[in-house]
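For clarity, chains are labelled A, B, C, D, E and F in written order, and residue numbers in each chain start from 1.
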């Protein structure tokens, strides 16, 4: 079950197919994942989201693997099952080893713990951080 | 105002001072930040949290800067003001440039957007991610 | 599996049945959903929550469809699967078209993105918003 | 600054004053806090929220202090500054010692850490928990 | 203090000024808010975020006021202070009355309450919602 | 499916077995739950997390049942399915009655509701809470 029907390539409009084609070409794969097939229910959101992801996830001052790991850290914090599954897979394809995943999750866990502690204890921001 | 009184070094117990000393030695600084001074209200939490942070944030399969950026990504997602301020400062000290911060925040923003979209559209996890 | 046993009408106490009857009469349906059957494990919570929902979701300065869409926006943000599924269904029954769902999710996505950016960049509130 | 004007007793309608009077009588205080003065901008929400809180926070199978601590645990997790400040104060009035606050926050911190780890590692629920 | 320096129009690059000009023209105002001045630290994020917001918030199947209210509902749920302040102001400019704000917040409150209840009680999704 | 392979006792390293043995001895059970089998993919995280949980959840100024209920309140707020399931089971084993669970969830629900209202209305913290 999905909240919206997944749009398969064969039934997609030309507008949607153009995005699917670009996704497959950019990612060097012959498959479009369910996330994009769901967004295709609203083509402007499909196109805009893909263009944004393509731009944001391209290597720049940060490499692709670091970006995937940041994505996974956010997704684990939000508890988004789909995103955790898909970005764990992507990060592994980009070279994330089990050891790196272990350290990533350890940081994510500690950050969530200390975020709650800093908020819960109402800690004032140090002047040194305001400079 | 803080939820708990901040414990300064001069008024701290020997147990708390020992942790403060280790924090300053490890971080090569002569100052303990407010977060630790707040945790000092409950010495077992101070000690345990510091030991965990020291272990988790030490360079390993991931370098220190990557770890700080992951910490910042989680903190921005949770909207923890104290943690955002302190880990932005730490990441800069470790070499995060304005360009890197810009790309980090772009990833954090997109991840939060697509997390909501994947959840909101109830997207099923692809079989390929379950292998 | 559920954390609490679902209470069916036939096994419900008179107090619980009275709430079920009011839910079905108000919603013009002959079925009570699992959410209410779970709350029935604690009758005061069942009654109070239903009375609140009935009052809050009744049309007023905002119409029923707008209220359902706001409910869905919150549920997508929190990633509550049950609530997303049930309020997507409710909003559709009240007239939400696929195009409206597409625009709703686009707003929800952007809001989650910019919330993270505003927090992450520690943006000060403009004086103009404080007037 | 507040998003809505705070309604003081002297300028409040008879309907709002009746709620304020009940809050002060129930809590044995001569002051209404800002939260209620903000809700007074929408009297039905003021009345409904107060009636719910009065019912939910009354001692029952759980005593008042345990309920205040649960409230604080949720508020720290959500990072709600107002609620953390007000429920820390309430819990202290009900007898929460610094040691109890320290242990409460330690649990809240660990729960937030392990929530992220269980989600991040996509841990399957044990059959034993489904019984 | 802000995590990044706010970029004023007079010191902005031509690329940033072009975005500022479009924001002011689109919104019929002579002021750019702090959010955009912060994003200007990373021009690609400024441009992309503005283009997305302009597209997403334009009236379509949903009118502008409904979109602003959805934005506010998400921001209140996330507790993003900046976004709550700015979108409360925007929604008011678009015609949100105090009564509408009261009902919106009542829905947001109830949705957050029942999201926690549905998750907390592990309520199974009704078959009827899966059709 | 799990993001990481679950490590069973029979295939575990001596280091991991030592933690499993301590978990089973401390909890007086002959089974290790999936959470720990997942963390075992990264032995330092397994050991550190277990040592922290053992210390934090031991009875002190707060008894074990109160600590389990606080854990459950946080987990319900975060919508962590695994943690809700496991800590509901643990709290029941420690004596949480259906009535207590009902009251706990009622508090969790109201706290999530009023957290959103206090944030959404931008309520200023009372001076009385700052003392």
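The rule is simple: a residue touches a chain if its C-beta (ideal position, glycine included) is under 8 Å from a C-beta of that chain, and two chains touch if they have at least 3 such contacts.
All figures in this text were calculated on a predicted structure; none of them were measured in a lab.
Put simply, the chain farthest from chain D by mean CA position is A.
Of all residue numbers used where chain A meets chain E, over half belong to both copies. The two sides are thus made of the same residues.
When every chain is reduced to the mean of its CA atoms, the largest separation from chain E belongs to F.
Here the spacing of chain D and chain E, counted between their Cα centres, is 26 Å.
Spacing of chain A relative to chain D, judged by their CA centroids, is 34 angstrom. Here the spacing of chain C and chain D, counted between their Cα centres, is 21 Å.
For chain E, the set of residues that touch two or more other chains comprises 1, 3-4, 41, 44-45, 48-49, 52, 56, 74-75, 77-81, 84-85, 88, 99, 102-103, 105-106, 108-110, 112-117, 119-122, 130.
If you sketch which chains touch which, every chain touches every other chain without exception.
On chain A, the positions that touch chain F within their shared complex are 79, 84-85, 88, 98-99, 101-103, 105-106, 109, 116.
Looking at the complex, you find that chain E touches chain B at residues 3-4, 41-42, 44-45, 48-49, 74, 78-80.
Of all residues in chain D, those touching chain A in their complex are 72, 75-77, 79, 81, 84-85, 88, 105, 108-110, 112-117, 119-122. Residues 1-4, 6, 31, 33-35, 38-39, 41, 45, 49, 52-53, 56-57, 60-62, 66-67, 69-71, 73-75, 77-78, 80-83, 85-86, 88-89, 97, 99-100, 102-104, 106-115, 117-126, 128-130 of chain C are the ones that touch chain E when the two sit in their complex.
On the chain B side of its complex with chain F, the touching residues are 1, 44, 48, 52, 55-56, 130.
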